[in-house]
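A, B, C and D label the chains in the order they appear, each numbered from 1.
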Amino acid sequence: MTLLDEGAKGVYVIAVTPFTEDGALDLPSADRMVDFYLEKGATGLTVLGMMGEAPKLTADESRSFVRRVLARVNGRVPVVAGVSAAGFAAMAELSESVMGDGAAGVMVAPPATLRTDDQIVSYYDMVARTLGPKTPFVLQDFPLATNVQIAPSVILRIVEAQPSCVMLKHEDWPGLAKIAALRAASDKGARRISILAGNGGLFLPEELSRGADGAMTGFAYPEMMVDVWKAHAAGQVERAHDLFDAYLPLARYEQQPGHGLAIRKYLLAKRGAIASGALRKPGSTLSGADIADIERLVARQTRRLQEIN
Amino acid sequence: MTLLDEGAKGVYVIAVTPFTEDGALDLPSADRMVDFYLEKGATGLTVLGMMGEAPKLTADESRSFVRRVLARVNGRVPVVAGVSAAGFAAMAELSESVMGDGAAGVMVAPPATLRTDDQIVSYYDMVARTLGPKTPFVLQDFPLATNVQIAPSVILRIVEAQPSCVMLKHEDWPGLAKIAALRAASDKGARRISILAGNGGLFLPEELSRGADGAMTGFAYPEMMVDVWKAHAAGQVERAHDLFDAYLPLARYEQQPGHGLAIRKYLLAKRGAIASGALRKPGSTLSGADIADIERLVARQTRRLQEIN
Amino acid sequence: MTLLDEGAKGVYVIAVTPFTEDGALDLPSADRMVDFYLEKGATGLTVLGMMGEAPKLTADESRSFVRRVLARVNGRVPVVAGVSAAGFAAMAELSESVMGDGAAGVMVAPPATLRTDDQIVSYYDMVARTLGPKTPFVLQDFPLATNVQIAPSVILRIVEAQPSCVMLKHEDWPGLAKIAALRAASDKGARRISILAGNGGLFLPEELSRGADGAMTGFAYPEMMVDVWKAHAAGQVERAHDLFDAYLPLARYEQQPGHGLAIRKYLLAKRGAIASGALRKPGSTLSGADIADIERLVARQTRRLQEIN
Amino acid sequence: MTLLDEGAKGVYVIAVTPFTEDGALDLPSADRMVDFYLEKGATGLTVLGMMGEAPKLTADESRSFVRRVLARVNGRVPVVAGVSAAGFAAMAELSESVMGDGAAGVMVAPPATLRTDDQIVSYYDMVARTLGPKTPFVLQDFPLATNVQIAPSVILRIVEAQPSCVMLKHEDWPGLAKIAALRAASDKGARRISILAGNGGLFLPEELSRGADGAMTGFAYPEMMVDVWKAHAAGQVERAHDLFDAYLPLARYEQQPGHGLAIRKYLLAKRGAIASGALRKPGSTLSGADIADIERLVARQTRRLQEIN
């Protein structure tokens, strides 16, 4: 299997974890979901991310799910697995499992207890030792969820100290200045790593303009991210915005903290990507009014896409 | 002066506080800004809100600024003043000042230390005693900023216990279910208070559908909120969405935490509403890339509005 | 095995998890440690608590360690296992394992995301369903660590709704009023559950006076807690304070957040309870000055105990 | 008036703010309290600290209270005033007032929003500019209350950049290693500033051993801190511990978060230092059981002091 490296670009879709209506892991839907994401143009997949309900899985379930996804992908695109854990022993165990099964790399977010610059740098030093030099890792910078703020200078210290850190999942909302600062540093000689933007894609056109290499996030219409990225790469910036704007009302609605995942899974089920939109408990459920909102937004999105295509 | 009551509706714009380039309070711009907001259709104004840089003012400056705004408004629309303070003595002092000068009511957000339901209810009991029965107040429910989560049942307890609580500034992003729960409760006999939506207007169409009476938030194009509210009130829901969608890309860009206020003030200065877009220190400043983003979004917004009008 | 019930009292020592110098789980030391705690008078043991480095263990290690402890205890005292987890699937898995191996009950702390009263009550409803009606559980109320504040009225709602909630590990520092409120409620008819005090025993005499049934916490000299509890139970309150005061300087020193566990393990190793005082990484280490402090405090404690005995 | 400088040492008592039973500022008690603290050996006073209920005062009250204290002290010892504020304009206003009235310096804690090293350094750069070069300031490092963790290297950066930073109020519980690191740095050439220990004095003997120059904290028996400091300075370390241990049970009881101030004021009123132990609302009140605890601890403390003297 090819390993993740600094040249990664495009759209790594944050995959959901499909469950049946009664909360069991739905492995057949994992197959279908993989096919769906790849049909829509994903250039990579990320599993067990924050929107992947990873903490709701047992250690065995996590390993089984990743194994199933990897088997279905079968090397067509690189797969990154989230291995953030409360302790390094569990992180090592999961990382060894997924890399042994063919993952291209792993992703680690900082624990909420980190505060000072040195604490963050030290943490990723232990992460790199835990994973070993042969496992490339993605630094997930998501202050809204982790409550850890990582200055650009700290990211650069980690990049310098840890050759196995090859990608930043950029999710400091929207942190456009952070992308610019990191790119300015690599122009001056710092190792240039891949930066994929998160935040549900809500700032994707601007993030690409500042130097992001693509997106690593979730949205029930991953083709939006693919098409925006392609238009942007082709120099068609206004076209990228036109596409983005057409999807924005729904993308915004799907980004409701604590509720957005139910919306995303509803849409994925509606689109046939998974059998059920159910979240494993605890998880929010959609009201009739929510569904009415969603259906209106989908209808409007469909019309708008027809207008601009 | 007419006092705020439960029947309030429409768009209460959260006003910025204008400063000169060197950080002095710019009272002449306060006049101009008032005229601008009223020309754009504001049905009320809110000063000293979280986006009003209130904590950067001395007690004297706060009183002077509110006095100037009230004089310029001259009773044309109700004015609400934020009086959140670390202690009740400062809250009483500011509240007495602004109500004496003609404010229609005041707004109070909960301090970050509150956790349990009873703590929140007790806090607003002390707020109501501090303000006195003749001062109507707005409960600001903004968990993302305050870190205090107020359940619908707790809001209803406060509404029942405090007759002077006449409005909810709803900012539990987006908390559509919360609006619906409160409206269901008033259908069953709870006192119905005004609910104005915040969150930069990013969920305004859906919030209106769930029962919000309008918006209380900021955006450099307040006419968006006014027009969406009017269209919605006229039963033209798709039209409301069309208008909303045209402004959404810029409204989204203006909602960047910690950076959005600089964008808003830049736009207000550009539109002639204030003399300078400067924030009092500490405050973020715009890079050239930020300004390029903004100008592009404004140009696109102008084009899109022409298409739909 | 006898199950934990509301009548539990005495001293449940929060056991450390012994590691070798190179970070491996040290199961032979687990045996020695069990013998040590029981010789010192422990009436119960609690494993995998917050001071037990539980998050540093893999799921397999957690199960192995609890199994070893249970085998060594061999029914002499009840053993409670911490099963707090980020998700219910992992909680169920660990709970089934430890109860199957003979634990008397399990302990669950609330996740940091809980805020409102209803959220907390709902969480423990899901906990009780996850564990099943035959598994007694301890509610761990430790706001300093969890950032979740649980009002006495909320504890009473959980006690009423969940018959399997049989004990409160009281760690709302020091929350003497909370103990009093809960006891007043049980005097008026609420189900009376066991309350064991935490906080390193630093408020033990006062907590016993307010109605605590003993302690569930750690200290390298568990005989302090046992002796204080016995003296108090015998009505010798001043004697209880005399004993407590003799140990207080060291107990205080051992309660340094983030550093105390290294001190505790150093002392346990020094006393022969475990082979090594090492923490699994990441964990703090003792400086020469720390050790000098400890040795001085131990010498002073020894002298003072001689004076009062 | 002599200004605070790096050579400051001894015991700066954190003064309470006295109120009458109905919550009015009690300026006559401010006089009595000053006399009390000075009689007990205070080498300095600190007003408007976190335990001084500063946020409950209006801006005018704050200025009046400090003015009264300064008049009564009349230059006998240096007085430091807390000027932490949500904004720099209010900080400047209060600082100018108190320095003009004869304060020796001011104290500033970091706002809870600071996270990265650079943010903290920048904040204190703005603090130093706001205060001006002639106003010495104390850096208050109190992570438990502020949620801001300041690494030793960051303190050293501030010390280097800001000549007006002359003292650290050390309250990183207990952070003995931090004191040692700072002293090691000044041994190697960094400017040596005064370090006074906080935390209610609960680690005073150990903090002095690591290099603290004294204490800046509150306790209803400030003579404990004075006597421990003097014994330590005289090389009588065991004697320092003997004295400390005699007061420790009560000092511990007075350190209950959110409740300790009511205990401290009760004791100060009992000792005649202030007329009433009342806190301005909101503030906790003592139950009968609390008072019984306190009285027992005072009686035991009195006996123990007789034994060792």
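To be clear about the criterion, a residue touches a chain if its C-beta (ideal position, glycine included) is under 8 Å from a C-beta of that chain, and two chains touch if they have at least 3 such contacts.
Since the model is a prediction, treat every value here as computed from it, not as a measurement.
Asker: List every chain that touches both chain A and chain D.
Answerer: Correct list: B, C.
Asker: Is it true that over half of the residue numbers where chain B touches chain D are used by both copies, so same, or is it different?
Answerer: same
Asker: Would you mind checking which chain's C-alpha centre is most distant from the centre of chain B?
Answerer: Most remote chain from chain B, centroid-wise, comes out as C.
Asker: For chain B and chain C, what's the span in angstrom between their mean Cα positions?
Answerer: Centre-to-centre distance between chain B and chain C: 47 Å.
Asker: Using mean CA coordinates as chain centres, what's the gap between chain A and chain C in Å?
Answerer: Measuring from centre to centre gives 39 Å for this pair.
Asker: If you average the CA atoms of chain A and of chain B, how many Å lie between those two points?
Answerer: 33
Asker: Find every residue in chain A that makes contact with two or more other chains and list them.
Answerer: none
Asker: Residues of chain A touching chain D in their complex?
Answerer: Answer in residue numbers: 115-119, 148-151, 153-154.
Asker: Which stretch or stretches of chain A touch chain C in the complex?
Answerer: Answer in residue numbers: 55-59, 61, 85-90, 93, 112, 122-123, 126, 280-282.
Asker: Flag every residue of chain D that touches chain C in the complex, lowest number first.
Answerer: 173-174, 176-177, 180, 202-203, 206, 209-210, 238, 241, 244-245, 248-249, 252-253, 256-257, 259, 287, 289-290, 293, 296, 300, 304
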